[in-house]
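Have a look at these structures, which come just after this line.
Shared chain: chain A. Partners: chain B in the first complex, chain C in the second.
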Partner chain A sequence: MHINYWQEIKTNSLGRIGMALLVLVVGAALLAPVLAPFDPFAQTPDSLEPPSGLHLLGTNDVGQDILSRLLYGARISFVTAVAVAFAATALSLAAGAAAGLIGGHFEKLVMRLADALLVIPPMLVVIIAAAYIQPGMVHLVLLLSLLGWPAGARIIRAQTLVLKEKIHVRASRTFGAGPLFILKRHIIPDLGPVLTAIFIRGARRAVFMEAGLSFLGVTDPMTVSWGKMLYHSLKYVYLDVWQWWLLPVGMALSLTVMSFTLIGYSLEEAMDPRLRREKHA
Partner chain B sequence: MFRLKDSINYLVAFLIILAVNFFLPRLMPGDPLAAIYGEEALIHLTPETRSELINRFALDQPLGEQFWGYLSALVKGDLGYSYYYNDAVSAVISRAFPWTMLLVGTAITISALAGSIAGMESGWRRGKWTDRFLLTGIMFLEGFPDFFIGMVMLIVFGVVLNIFPLAGAMTPYAGYTGLAMALDIVKHLILPAFSLALVNLGGSFLLARNTMVTTLGEAYIFTARAKGLRDRVVRYRHAGRNSLFPVITHIGIQFGRMVTGALFIETVFSYPGLGLLIQRGLQARDYPVLQGVFLVVTIMVLVTNLFMEVLYKKIDPRLKPCISTTGKKLRQTV
Partner chain C sequence: MDWQIFLRKRKFAVFAVLFVITAGAAGLIAVGCGGEPEADSKKASNLSSVEETIPVYTISDPTGDWGYPSPYAHYRRGPGYIRMSLIFDTLVWKDEKGQIPALAEKWHYNPEENSYSFDLKKNVKWHDGKKFTAADVAFTFTYVKKHPYNMIDCSQVSKVEVIDEYRVKIYLSEKYAPFLNNIAEALPILPEHIWKEVTSPEEFIEPEAIVGTGPYKLLDYSREHGTYLYAANRDYYLGCPAVQELKFVKVSNEMAAPAMERGEVNFAQIPPEMQDQLAGSGFEIIKTRYDWALKLMINHRKDPLSAREFRHALAFAIDREALVENTRRGYALAGSPGLLSPDSQWYNQDVAQYSYDPEKSAALLTTLGYHRENGFFTKNGKELALEMLITPEYERDGQFIKQQLEKTGIRVNLKSMEPKTLDAMINDWKFDLALSGNGSIGGDAEILNKVILDQTFISARYDANRELTDLLGEQLAELDPGEREVKVRRSQTLFARDLPFLTLYYPDWYYAHDGRVKFFNTPKGISYGIPLLLNKAAFTDIRG
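Right, the complex of A and B next:
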């Protein structure tokens, strides 16, 4: 049975909402320099202003325009999400496919490591490591991807084990195809939707964790990030500023996470025959 | 029926944690003592304390010796000394530990109870609008970061409505005793615990709902209905009881997530648990405390997971497929 995944997501209402939200976030991230009315770092004397025609979401305690910071914050979230998801998926693929194809002690070793990493709460490891390294963007992405591969690797290994016994793969092996060729030609193309699902899950986790880490203040202080803006508004919870300091940022963060959740969910629905709804019956 | 094989993952995880804790400070460039204790602490050290510390951590020895020294200190329960709190790390942690446990325990109880009741009702009315509403609502809630929910709760119930206290675990210097003290603690606990429970409602909700849906197809439910029992009795006494079990077993998986969530919730509500220790530790670069909390929390999560895993297999061998440590949720059947 052939499934057109893109079609599935498009016709699924949850998937459509998810895509729309994602387009919104990506748009904000890409167009931030055009859309933002002010420099997100520029400190002006107009501090603690309520929303007005000039500052649509008001200004913070040092007079920075909140809307501009919100738009620029989308960049950090989005770049972290894509970079981490990409690196973690690549690691998952490398570890999972290699374990599945090579087998033997190597497979046991990799899977043991994956299982062990899965029982450690990743957030704690990132926090403790971040406390020492005080990571910039690159280090943060590295850290998050290094901890994000095990779940994906398990899934990919399981799929690889099934795929490598398929007739066409066995046939290609009888013609002398090596593991790398099989991986490139037969395994990876068939893993497409699984990889997409792993990618989306990784992106979702990365947005979550980046926000959490910058909330705790362990990321690069020179970046504009939603987590940091949230922490900042926590300190001013006693002033009556939360309506525009806290809610827009929190909603933006939640909607980004949700867009990934919804897309992932609709993709899962498309892939899992038990969850598929009969449309053409 | 405890088998060594089950615990190997946890053993490897434990070794990884130890390695992270041991190597991170020593891999940092510069003075290892500065990395272990933080720059600020070093300024106040006299040469004697300095050499005593170097001796204590065997920092002038090869790495193997250092690791041995680290391990033997750990076995004795010595987690180091915090210059920020001016106290032994183990003492600082043991003061904060009960609060985190209280918070996480309450939140788990709330989320398991509320989640399974909502799940049962939802599964009973599968496809009706109550079900749709609960399902989307709870999926929606799962998308919120814990600290954002916490802050919204703090503002709505603490600042705007002013029903609950804004920070802390009890009113300082109020001198309450007995019942008044217990009430005070509960009052401070409600907001953080509910925030934490709310974000983590999804797991138990989905489990209870799915089990309810499958259970309703069983013959004994048909029999119960044929006997003319009232809906409520069938729903809770016959079907409901069976959907509780997976929820209880799910707690182990949830524990790790909850503890991590609690770290953030505590920061929001200035709740004096381990999370606040981490947050303060990060700001003050108080490495010994950070390492201590990291070690204590991860070990706690590992032990709980291991315990639950062994327990499930003992109670119900049927559950094997859904207790994988991957924390993967059971699929939803819509």
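Right, the complex of A and C next:
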């Protein structure tokens, strides 16, 4: 199954919207130092100022420019999303494909481990871990990746079991190909659509979890993140500040999650012939 | 025929019973708080006068649960004690003017034998109807010796002698100036007939555990919802409380103002920015005194923080005035390095101030052998870096202090954690710097001993200065108020000079209420010094 992803997203209206939103977030993240009018960390006595020419989205409770923090917050969301999605997908692939190809006791062991991890709420583990390790970006990505691979691994294992019985894979094995060669040359290329879906799902989940954990205060206190902005803005909901503090952050977060969802949906359509048929019927 | 007569008679009987119940209920409502004549009630009340009754009064609290309100089961914090104090009385209490009699009618100190004599009230009954006597007082002191009550230290009491049914004498092992404030006004008196059989008081949460002599009885408590419901004690010896039902509900401070405007809550702590709006809506606003302090705890047992000059460098690098302006938006008072605030009668303004001076800070670090490299101080090739523990509540303060210290050249790594974890880390000395606070600084000067010498996480646990340690011991035994004040002031001077922790600020706490209950700031705090407004004396004082 070889699909031109870019072409599929381009021809799908939902995919185009999703991609446009993602470009917006990535653009904000990359250009934050250029676009941000103020240092996002600088505290000033001008607190809770409404939007003005100087501060387009006003200031927060410690006088920091909200727009600057919103732009810098996109970096954390994007970096977390990509890093967690990449690491979790790689772990899913390694565990799932190896289990499917090797089989036997190894497969049983890996799958039971995946089952065990699936029933543990990742938020809870991160909160407990944060009490013992220095909460920070690297630790957060590691923890979310280590806890986020089992669901993907199950899908990949199932797909690998189907793929390894295909004629071209069996032929390759007949000619003496080892598991690594088969994995590299036949399984991974055919898993492409599945891996993409897992990656998108992981990215969407990571954005949401990072915001949630920042909101709970278990990340690095110096991190500029949307979750942390939500946490602080909710303390002042009794004032008008929610209009220019809470609302833009909530919208940015929703749009980012939505962008991954829409891209994922358009890819799902491309990969699932039934969805295509329904669409073109 | 007989059957119809029976039915008619039965119908009449049902009506008669219903009438009696309705009339009885109406009568009870009309009488309000028990059957005591109003004049007698007023005369009996030593707390304050009652002008009208309030059927229900609702108080909001952002935390909600403060434990089961028995003396040993409530949480060891001021709000937990307050909930317990509604049920249990002490020998002496305080209203807005100062000490007032509670279970004791009068008392005096006997200098020749270092004891206090108490004449007890004779009309006091426990909630279960049993008579309160001197034996209960003696039993309580004996019981707390065996089962220490963590909030009140009674180790100074050597013996309690029952003179007769209503007179008791309490002997002290050594002279102890804060006895009235910290023991007589703070120790809840327990009923002997209930507690004499109790061997594990912390686990005793039966209905009998909340039989006291206080103005309220507990009707309902929900740990899950963080709610309490109290009913007025109709037989209260100081007169029936005007508030018939007292409710505590869990509402965040941010949501308290809308809840008040909707009439769902009568009393709440409010964000400072809401005071004008609520005052405009007819609510009364009270600001509490500066009896709570946020401190920068310093691990003075660890290098380089063990050097006094290093701690001075830290203090000079932190602009406490700017901290108040930035993180509290001006709603706080910058801290005094001597700990006590200007609202305390013991406050000493002539202590070392450490006004913001980053150059002086840098100079001090240079004399300690540090030199600046790439903006940060280093020594022997190692960068000067400290870890600062914070809770999410004080994240803004942590960020501000980090920025200020890093501007001077001291790198700071912030670590955020739950308050209980932070307390445990401080307790185990697993920290460099930490933000932590404590109240009761408006109470008796013994608070200095508690936060300097005691072995708890709120304390600096600092005994390196012999003069300071001796002075703190002496001031406790000094019964002459003038002499004691001199010693307390000197203690603050020495403490500020050694600086085992730095007092950052005293926050402004605003409360709003509907004006029906007259709340007040209790001098030296409620009981042993709780800086809150919910003094049970207020619930008997109603404005017309």
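Operating definition for what follows: the second predicted complex is superposed on the first by the 272 of 281 C-alpha atoms of A that agree within 3 Å, B and C clash if a C-alpha of one lies under 4 Å from a C-alpha of the other, contacts with A are read in each partner's own complex, and residues count from 1 in each chain.
Operating definition for what follows: contacts are C-beta pairs under 8 Å (C-beta built on N, C-alpha and C of every residue); 3 or more make two chains touch, one makes a residue touch a chain.
On a predicted model such as this, the values are computed, not experimentally measured, just so you know.
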Item to complete: Could you tell me whether chain B and chain C fit or clash when both sit on chain A in the superposition?
Response: clash
Worksheet item: Is A:48 touching the first partner chain B, the second partner chain C, both, or neither of them?
Response: second
Practice prompt. With the two complexes superposed on chain A, say which partner A:237 touches: chain B (first), chain C (second), both, or neither.
Written response: both
Worksheet item: For A:128, is the partner it touches chain B (first), chain C (second), both, or none of the two (neither)?
Response: first
Fill in: chain B versus chain C as contact partner of A:61, first or second or both or neither
second
Worksheet item: If you stack the two complexes on chain A, which partner ends up touching A:222: first (chain B), second (chain C), both, or neither?
Response: second
Worksheet item: Hey, is it chain B or chain C that touches more of chain A?
Response: B
Fill in: Which superposed partner A:208 touches (first chain B, second chain C, both, neither)
first
Worksheet item: Which partner does A:172 contact after superposing on A: first (chain B), second (chain C), both, neither?
Response: neither
Worksheet item: Which of the two partners, first being chain B and second being chain C, lies in contact with A:250: first, second, both, or neither?
Response: first
Discussion item. Just to be sure I follow: which residues of chain A are touched by chain B in one complex and then by chain C in the other one?
Written reply: 131, 217-218, 234, 237-238
Response to the item:
The residues of chain A that touch chain C in their complex are 41, 43-45, 47-48, 61-63, 130-131, 134-135, 217-222, 231-232, 234-239
Worksheet item: Which residues of chain B touch chain A in the complex?
Response: 8-10, 12-13, 16-17, 20-21, 24-25, 28, 35, 139-140, 142-145, 147-148, 151-152, 154-155, 159, 166, 256-257, 259-260, 263-264, 267-268, 278-279, 281-283, 285, 287, 290-291, 294, 297-298, 301-302, 305, 325-328, 331-334
Response to the item:
The residues of chain C that touch chain A in their complex are 254-255, 257-258, 271, 273-274, 322, 325-327, 329, 390, 392, 395-396, 398-400, 402-403, 413-418, 421
Practice prompt. Note which residues of chain A are touching chain B in the complex, please.
Written response: 112-113, 115-121, 123-125, 127-129, 131-132, 151, 154, 208, 211-212, 215-218, 230, 233-234, 237-238, 242, 246-247, 250, 253-255, 257-258, 261, 265, 272, 274-275, 277
